[in-house]
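What follows is a group of structures, each given as structure tokens.
In what follows, chain A forms one complex with chain B and a second complex with chain C.
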Partner chain A sequence: MAVNVISPGLSTTVQDLGRPGYYHLGIPISGGMDRYALRAANMLVGNDEGAAVLEAVFLGPELEFTAATTVAVTGGDLPPRLNGTEMPGWEAFPVKAGDRLTFGYLKGGARTCIAVSGGIDVPVTLGSRSTYTLGALGGHEGRALKAGDWLPMGVGKPAKGMVPHNLRRGPGNPAELRMLPGLYWHRITAEAGKRFFADTWKVAPEADRIGYRFRGGTALDFVPREPPFGAGSNPSNIVDACYPYGSVQVPGGTEPIVLHRDAVSGGGYMMLGCVISADMDLIGQLQPHAPARFVEVTMDQALAARADRQAALARVRAHLGR
Partner chain B sequence: MAQLHSPLPGTFYRSSSPDKPPFKADGDAVAVGEVIGLIEVMKSFHEVKAEVAGANIRFAADNEEPVMAGAVLAEVD
Partner chain C sequence: MSIRFSFGGDEHIFAEVSEEMSLEAFFTSLSMTNAVKAAGIKGVTEICPANASFQIKFDPDAIKPGDLLRELQSMEGAASKSDATLKTRIMEIPVLYQDPWTHETLMRFRERHQDPNSTDIEYAARINDYATVDDFIAAHSGQPWFVSMVGFVAGLPFLYQMVERKRQIQVPKYLRPRTDTPKLTVGYGGCFSCIYSVRGAGGYQMFGVTPMPIYDPTQQVSYLQDEMCFFRPGDIVKWKPVSRDEYDAAIEAVEGNRYEPVIRPAEFSLAAFNKDMAGTNAKLMEVLHGR
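Here is the complex of A and B:
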């Protein structure tokens, strides 16, 4: 009962819903970059929504199954192929012992969840099976998969079903990332704040699970100040502070970085606010050079957006009879 | 004629550094497994190796051009 890794893809990791509760100690929440896709993949194969899956980014792995199970592939459009035959995404399909799963070129999105019935049964570390590669923690030996790895599968139950198209989600073009201004927003001028939301930015190629860097917009103008003790002289520096998940820091005032699942927990860059939780999954599906805009919302709008996402998940559950 | 594709989305580079000559010049022959360029993504550079052999390579993507996964980087005869 295992998945053999024939080739690992670019950076395929074991992820579940994450490892909350240790961020104050510097250990990030980790978990799937698109947790809606992760939950849907697990539902499709009959797992608990928080079971561990494989998250592949940009390039799919080649996997061999040593036992019959059910597989579902959701999230970014990395077309699955079973023994060379193209299979649908967002739909459960059975595999037999000896079957090989490969993937075509990425057609859209960035990250793909590969769920197997019973889940990827790596040891639980600090309450989660998620991989935090920088800290060599969790997942399979604390790292991205390598050729020759052997991943135990849990015992699953037969499952089938598909997630209808209207319940799949991906970023638009440009992606619209809703953001609640706050934190150190007062550090920039009103004019700079307007331009920040008006500009269309582009994902920098170095964006990863730690943070998504954007470039191409206008550099920020700061409100003059006397640097507080310990802040440093650059106007984007602050006295060290906690960094929330989703916070938007702008080192040097030039390129915003949205901190994501494997982020550092604190530091000395001012943050303009936070991308709302409802849109963090969209960031996980952005390719390098993808255009994106930040859209200002209020707390009420952010809470309504979160309720919308929860309602979408409830519709997936109802559709699949979970 | 055959096409050489990018396996990854990212930024395409034709040489290993700005002061080095390109891996392949237009018109060169290419063997299977030969490096024809690099793709930069997620803070690392990944070699693009030819999956088919051919003569007279012609690049379709420019140096430092953003590319999608599956994009045609070059053609060979």
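Here is the complex of A and C:
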């Protein structure tokens, strides 16, 4: 029972819901960049929602199955093809031993979850099967897949169903990333803060599982200060501190970087606040050059948005009878 | 010292003990994070101490953000009054200063550096008013360091030297970060030394390399079989300058999985240290060398 990797795509990794508990050692949570899509894919194939899937970015892999199983493809719109025949996304379909799964060109979003019934059964490392490539940890040999890899599958059960269109989610145009200002927000002028939220930014080519860089907005004006001892002389420097997931750092005041699931756990750049938990999945679906805006919200709005996402997930569960 | 708390989105509370680095700020951060750990607060999922700050990750479905904030604020008084003593470890880390690998790398990225005409360590020695690189190495390796934070990437220690502020070495980071840094590079940025646990991007000045692995995701290295990351916040480190021959011998031992780092249990009191830094450090050296 295995998946043979014929070609790996651009950067396909094994991911589940991640590896909490080691951030204080610099080991980030990792896991699916779009957790909603990951949970939905697992539900479709009858798995626990946190089972390990393959996460492909921009370009799909080519896979061969050595045994019959059920497959579902969710998240970014990479059209799956089974032995050359296009299959629907967000819907479970059976595969037989010897079948080949390929993908068409990306039509929307950025990252696609490929779930198999029983899950991708790589060894559990520090409580998770997720790949953290920078630390060569977890997943399949701590790295993105290569041609010739052989991935064991768990034992699943037949499943079927689809996630209706109104329960699928992708970023708008421009994407609106809700953000709670805070952390070192006081380091920039009120005028710079207003412009930060008013500007439309574009995803830079430097966008990966560690973080997403944005450009095209106005450089920040800082409130003048004497550099604190140990911080460094640039106005964007702080004494090296922890970086929250979703935190928006602005090195040199020019290009914001939003840290994601493979975040560096700390460093010496001021942060303006955090993208809220409800919108982290959206970032994982942004392509380079995609336009995006940061939208200021309060904690109450962040918690309401979080509840909305949980309600959407509950509707998927109800729809699929899970 | 009053802690500044701020929410990091709906899942983190960020706490800045002090804007500037000091051992007092580090100890407050450590005692606060230890207190949060001991309190076993429902909904707290990650507790991360840093140099002069700390961060708590929480599940807002299990605890209201405002409730957690109030709970943390109620601990502040006790933490700042707590006797800053630590049962910890002291360890010796061999360093080959001015090694060929960081030299090759720094030459590749010269246009990103403040002074393209000298090496990182020559530049650091000069701007810190040391007459020679050897004097600078003597200062860097002469007095011990606290691991004041572990992070950035897996297992990377930030180290803060245990000397008075006027003796602290300070250097800027590269003008633009490098895209490459050799694994186990001993680096420097701001007032912090570090060891790059993995190869990758970096902005710290590069002074040398250690032969001693400090992160092993495969947990094969004999002393990393229980914990894949070697360092913990609060560890005390003494750099030991080594020659190329000693470095090569250490690498041979590492490759044969026979390398044994020098580690001793140690106790540290901030009050005693502030009263007599040289005396405290001298005693720590006696502990390290088993005298």
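In the analysis below, the second predicted complex is superposed on the first by the 322 of 322 C-alpha atoms of A that agree within 3 Å, B and C clash if a C-alpha of one lies under 4 Å from a C-alpha of the other, contacts with A are read in each partner's own complex, and residues count from 1 in each chain.
By definition in this document, a residue touches a chain if its C-beta (ideal position, glycine included) is under 8 Å from a C-beta of that chain, and two chains touch if they have at least 3 such contacts.
These figures come from a predicted structure and were not determined experimentally.
Counted by residues of chain A touched, the larger count belongs to C, out of chain B and chain C. In the superposed model, A:G135 lies in contact with chain C only, and not with chain B. In the superposition on chain A, contact is made by A:G246 with chain C only, not with chain B. Of the two partner chains placed by the overlay, only chain C lies in contact with A:G232; chain B stays clear of it. By the touch criterion defined above, A:H289 reaches chain B but does not reach chain C. In the superposition on chain A, contact of A:G268 is made with chain C only, not with chain B.
When the two structures are aligned on the shared chain, A:H165 is found in touch with neither chain B nor chain C. Of the two partner chains placed by the overlay, only chain C lies in contact with A:H24; chain B stays clear of it.
The contact sets of chain A with chain B and with chain C never meet. Residues 6-12, 14, 16, 18-22, 45-55, 57, 60-61, 65-66, 149-156, 158, 160, 165, 168, 170, 172-173, 189-192, 197-198, 200, 215, 217, 228-229, 233 of chain C are the ones that touch chain A when the two sit in their complex.
Across the complex, chain B is touched by residues 10-11, 57-59, 104-107, 110, 205-208, 287-289 of chain A. Within the complex formed with chain A, the residues of chain B that make contact are 5, 7-11, 40-43, 46, 66, 68-70. On chain A, the positions that touch chain C within their shared complex are 20-21, 23-27, 125-126, 132, 134-138, 142, 179-180, 182-183, 228-233, 237-242, 244-247, 264-268, 271, 273-278, 299, 302-303, 306, 310.
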